[in-house]
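The structure appears right after this line, and notes come after that.
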Amino acid sequence: MAVVFQKPQALLDVPFTYCPGCTHGIIHRLVAETIDELGIEGHTVGVAPVGCSVMNYNFFACDMVQAPHGRAPAVATGLKRAIPENIVFTYQGDGDLAAIGTAETVHAAVRGENITVVFVNNAIYGMTGGQMAPTSLPNQVTQTTPYGRDTSYSGHPIRVCEMLATLEGTALAQRVSVDNVKNVQNAKKAIKKAFTYQIEKRGFSIVEVLSTCPTNWGLDAQESLQWLRDNMIPYYPLGVYKDVGGTTK
Amino acid sequence: MAKVLMKGNEALAEAAIMAGCRHFFGYPITPQTELAAYMAKKMPKIGGVYLQAESEIAAINMVLGASAAGKRAMTSSSSPGISLKSEGISYIAGSDLPAVIVNVQRGGPGLGGIQPSQADYWQATRATGHGDFHLMVYAPSTVQEMTDLVALAFDNADKYRMPVMILSDGMLGQMMEPVELKTANATDCPIEKPWAACGHRNSRPHNVINSLYLTPQALEELVKKRYEKYEVIKKEEQMADEYLTDDADIILVAYGASSRICRTAVNTARKEGIKAGLIRPITLWPYPAKYIEKHIAHAKAFLCVEMSMGQMVDDVRLCVNGRKPVAFYGRTGGIIPAPDEVLNEIRKLTGGVK
Amino acid sequence: MAKAIIDETKCKGCGLCVAACPRKILVLSPDKINSKGYRPAQVVDQSKCTGCASCAIMCPDVAITVER
Amino acid sequence: MSTLNILLAGFGGQGILFLGKMAAYAGLMDNRQITWLPSYGPEMRGGTANCSVCISDDLIGSPLVINPDILVAMNLPSLEKFIDKVVPGGTVLVDCSIIDKKVHREDINVFYVPATRLAADNGLPGLANMIMLGKMLKETKFCTENALEEALLKCVPPRKADMMELNRKALKIGSEL
Amino acid sequence: MAKVLMKGNEALAEAAIMAGCRHFFGYPITPQTELAAYMAKKMPKIGGVYLQAESEIAAINMVLGASAAGKRAMTSSSSPGISLKSEGISYIAGSDLPAVIVNVQRGGPGLGGIQPSQADYWQATRATGHGDFHLMVYAPSTVQEMTDLVALAFDNADKYRMPVMILSDGMLGQMMEPVELKTANATDCPIEKPWAACGHRNSRPHNVINSLYLTPQALEELVKKRYEKYEVIKKEEQMADEYLTDDADIILVAYGASSRICRTAVNTARKEGIKAGLIRPITLWPYPAKYIEKHIAHAKAFLCVEMSMGQMVDDVRLCVNGRKPVAFYGRTGGIIPAPDEVLNEIRKLTGGVK
Amino acid sequence: MAVVFQKPQALLDVPFTYCPGCTHGIIHRLVAETIDELGIEGHTVGVAPVGCSVMNYNFFACDMVQAPHGRAPAVATGLKRAIPENIVFTYQGDGDLAAIGTAETVHAAVRGENITVVFVNNAIYGMTGGQMAPTSLPNQVTQTTPYGRDTSYSGHPIRVCEMLATLEGTALAQRVSVDNVKNVQNAKKAIKKAFTYQIEKRGFSIVEVLSTCPTNWGLDAQESLQWLRDNMIPYYPLGVYKDVGGTTK
Amino acid sequence: MSTLNILLAGFGGQGILFLGKMAAYAGLMDNRQITWLPSYGPEMRGGTANCSVCISDDLIGSPLVINPDILVAMNLPSLEKFIDKVVPGGTVLVDCSIIDKKVHREDINVFYVPATRLAADNGLPGLANMIMLGKMLKETKFCTENALEEALLKCVPPRKADMMELNRKALKIGSEL
Amino acid sequence: MAKAIIDETKCKGCGLCVAACPRKILVLSPDKINSKGYRPAQVVDQSKCTGCASCAIMCPDVAITVER
């Protein structure tokens, strides 16, 4: 009998600190599998955000740098410009990337910075206990939108891939989900493509992964996947928004 | 090497390059623009990185990244830009990363003005961001020192693994003086950095650059270790220049631009028969307390002169600790005091006669 | 014959594997509580396992190894 | 103190900063201490430019010249702004092809130099500044003649060798006025 | 009103609303989140504005805008977020705008930890940004004070036209204590603000809110006027609480969370026959120097206790100015010192006996 | 004889401090004319940026607030939320709006903040002496791109209107120019529309005005207009990128 | 000092913070000084929750209980973490339906309360915490009975009147054990 | 008859009006220099002015008033 599925090498043998059923864990694994398959662990440097995944520097086996909230793309830029032959990725939540880090994200894309961004959109600030994120859905109840997000007051959720697709420096902007086996496999492909584009020096690549936050959504793990399907995917359509190497949605 | 005339900003840039700096990340702001422009011109020619960031915040975080990768990295700005960098600087300190940050000070608060100032002393020496930490802070007073101190800054940043600030001002940045550029460092990474996040190349455990410690005990331990290092620095790294202090009755204390004015005032005072002297701190943190201590016994009074409403004077008072009177004279808003104004203060303190 | 092996010390009892298994052979332990306080997932009928790895693909805690 | 404080002022585009740089380099060539400090920032956009040069045998304190020993004024606003600051006994050089006012102080030496017109007349456009410098050398002996020549070598890049001659010509015109 | 149990963060929020604050701009950060959440719940019901900004920088600038319009505006954050606000705070000070800023301090530097800390003292009292300026800084030590001081903060911000900080910490923010909410202000603009940029309605010349002064003389004049105001504040607004100081040999100085621990330690010391007392600064700027001055004659020593590596101790030393010994005891990284540790320090200072 | 053209009332009688031929002045006048025509001076509050136009608080007759570099949209948000019946506009350069202020700009649009942004794109940092802006053109020589902007190193110029048009909160995103009489008149119409939309509470409106910087471009006033036509308009096509009330390019 | 230091610890979801709030309010109703301090931040995500309550006749110094007079432990990690910190003579309440270990200290009073099972058996799901509180009242008399009833009125919102009865029932079960 | 009135104190001699005038009746003063040091624009033949205001529309310093 052969092992057909096991923990990737690029994940250290350290248990995740995420809540039960939180899909951050799946996404971590996909990144690690990609690193394994591309054989790049030794020259990969990851950048951890501020958010629930802040301590992913304890999980990934490659070298890691923890960045200030929202500034991961700038830190990654420093790392990449310093040693261009390294593979540099950031792993960021929606608060980190799409709120406080908006300028850093947009300008990494503007510069066509040759880095890979794994963007985990769970429509909420997970780590701080469930406040509205710029990606929180219309009418979504959060700690800071106790009566539901009122779009006429707090605005409509931001669609990051669509926005970044307008920039020339963006090589890949794709949105995926991890709500079922097939989508997880697609997500993996997208992440791998993003890393490959970096190896090929094509510029800035971002994969937006729709993810769950059972704890702050107040749902169990399975219900959370359903909520993601029912609410997030309609607002955030999956697909390729920009791909310098292929077809774009 | 023969002396050449260079602007302070440009001389500093050239010296940084000679010190092995190949990674500069900036954002335009007066009166430091020439520094970035110089880097923009030179770096591409020597295979270095000049990158104009989208903001000061991005720039300091690019420095964090490049430094994490093991490179000598630098950024420069002026007062409002330094405020924006303060979170990042606190992270750099908390991650034990070397870095050199230049503040070519201008008048504040707010948008303020663009003329020279020394009103960011407290920010530089006590609170360039949140939490318990320090930067080393060097205060050049000539264009020559703009170059000499930047080399020292890089060396000590690496040696102590901490951010170092060059606290300059618009006058020093904009003026030209003859300068002799010292010999260059061969490499942009002169010392081994086994801690760097440069890719483990499958030959060592992964390195992590981080400032998060959720267990207070772990955080305290780390901070305390850092403060032990600070104690070493306080012992080893104090620098100051003394001028006619040996027999001085009244000792001026001033750094950077204002120290130059004080020197002139001291000379004039001496001509009037007043025994004035000058201590010019070169390190602002660690504060050169031992230089002041030496003279407390014989000095009758200290006069601290700053281009601010009075900031370094706190440190002078903390050193003197009530043993002698400490007076203050300051101009703010971008005004460089005239030697005569300082002379007047000296006269006041000495009752007008020797 | 295939095998899904669940590392009970890592499992957080989220049930995503349970829902994902096309053969419906996984359950959360009705009685056991692991050291973290969770009811770990268990394979109730190993023989039915196809080794499709659906469970493992959905497991957020990388607690499952699959052999085939 | 043997510090000579020079203030050079005019419109942007008149080569004021270059004039200052030449003076400073000349001091340096004489092995003296020197500083050069320009006005900077958006005020330059207002059209005025000025620059302080100090030449001394001792370390120089403030590089900012508030009370010049020598004032070179190349437009009216500059003259009006600085004329009262000149130290008694100081020297003022006025480009009288641009400034048609006279100076009313009695305690200083004023020289009216039609530099801009002379430059135009001699086919030296943009070199009024060097004419002023030549005159300044003559009247104040702020440096040796040799130093000024050496300064020229430092300030004009080799690839602009043709400019060198024109500059020399302008300096000569000034120093012979 | 009957006392209710409330978390410090929530009590502060409610008190701010009662003080007429109808404009709150925030960005989530632990340990201040409940404050924003409370505002998010309450403001829509009373026609007030709760807006979650895209960052701390945006939040402080929204405060700048709302305050410029003449409204009582507030923001809250914790240490790293305050660093990011520092440029904006400097602008608010430089524009002579009122504003209330809450810092629920946590351990630093960098990302640090989320447990209570007092390591932003220097930042709060000396350099919340660049340039010559000050904030008024209030340091509550109970949930009740979290409410009382916020009202005072708004009043003084308006009165002196300057930013005021409530320097709290994670312990005070998270704990519940009984609290009595005082009576409310009727309006969100209790005093006339003829300077506000609220639209001139064709009935007055245009108002300008600005901090740019390109002429150094003009900037200096303005800064000096501001410092005259600061002198008034230093005279009028010092606040401190004294506990058993009248006959004390050894006087502890501590604020906020650490002052509570010191109070317990003082009680125990007294039981051991050691004449200990406590000065608890309530205003950190202006520093309550006169409260310390009163006791310099009879005290044998001062002991400053902080949840930092020693920051406020500078101010104690500056007050005491060498006349008596000043000792320091601190914990950092998010650790709240235990009363016994403090007691030990007291014993050390007194030789173990009265 | 009747006066057919004169200084608008909403401009104070204070000479502009701009360089000769700098089109900031034209744009100021257009804003002021709009204020006059809509009769809103008394309840308008403008926000000055950091940039060459920093001192426009001395020029506009309405109440003015000077904002930190890049933060004008946040300051405007505070002003608008405080007194929603006021008309609030920002006037910002390309460094201010598209570099340091990216996050504030994007999120004002995300929120559909009911303010008007006049965005003066002159492809350079004017005030600080001519450094590269995010909008500087490929190969453009500036103080910090002395060998020309190398897009493979510094990225491609950012097209702000195109980017903001992807956001739901944007009511109007239009690019205009002031290089000739007709374009100035079009610019005026766009600015007036943007203010009108605010009065109609339609959300965030932005008018990007292509402008010159003779001083830092090293050209005279007339050459600058030509440079704008030859270089900027091809890269930054004029047009309406989003208009909730009408046709979009 | 007559300060009573109480530490309540368990998993998230067991109502630990509410238990603490009840105890605190009870102290308040007795007109005593009280403080309540939760553990906070991501550590809660690890699954543990704990909370310090102090009740005193005097002003309370640190609200953080390091050495509790009373420890209520509702899961094993909590018991193991805190048992050694209990002051000699202190009281420990262990939910023995969840924790099957015994306490080995001799200098403290330990009560094993099968609260979770009792709650389940009595149709009071989620009210193990109140059973523990009832038992705590009985064994420590940390407040008056009346105060606890008043605390209940404060802590349970009026619209959840049905909960009130269930809570009372749970408290009673605990206090009669 | 129309009239373009140029406020010489405000004019910075940029020449944009000169280029904009369809009747080509504007020039920069060949001799005059205003207090700011600029050569102000001048109308050389007022009679040809149509009052089209092109000059004023292009003037960045709002130095031109047009009557018609």
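Just a few scattered comments:
Chains: A, B, C, D, E, F, G and H, in written order; residue numbering restarts at 1 for each.
Note that a residue touches a chain if its C-beta (ideal position, glycine included) is under 8 Å from a C-beta of that chain, and two chains touch if they have at least 3 such contacts.
Given the structure is predicted, the values throughout are model-derived calculations rather than measurements.
Between subunit F and subunit G, the least number of touching-chain steps is 2.
Counting C-beta pairs in contact, the chain pair with the largest number is B-E. In whole angstrom, the spacing between the mean C-alpha positions of subunit E and subunit F is 39. Centres computed as Cα averages put subunit C at a distance of 36 Å from subunit G. Each chain gets a centre from the mean of its Cα atoms; for subunit D and subunit E, those two points are 55 Å apart.
The distance from the centre of subunit C to the centre of subunit E, each centre being the mean of the chain's C-alpha atoms, comes to 53 Å. In subunit B, the residues touching two or more other chains are 30, 51, 54-55, 57, 80, 87, 91, 95, 110-111, 114-115, 210-212, 214. Looking at subunit C, one finds that none of its residues touch two or more other chains.
With touch defined as above, residues shared between interfaces to two or more other chains in subunit D number as follows: 41-42.
Taken together, the subunit A residues at the contact with subunit C in this complex read 1-7, 11, 15-16, 18-26, 28-29, 180-181, 184-185, 214, 220-222, 225.
Of all the residues in subunit E, the ones that touch subunit A in their complex are 26-30, 33, 36-37, 40-41, 44, 50-52, 54-56, 80, 110-111. Within the complex formed with subunit A, the residues of subunit C that make contact are 1-3, 9-10, 12-16, 19-20, 38, 51, 53-54, 56-62, 64-68.
Of all residues in subunit A, only 50, 54, 66, 68-70, 95, 99-100, 102, 125, 127-129, 131-132, 134, 143-147, 154 touch subunit E in the complex they form. Contacts from subunit B toward subunit A in the complex involve residues 23, 25, 49, 51, 53-55, 57-59, 61-71, 73, 87-88, 91, 95, 197-203, 206-212.
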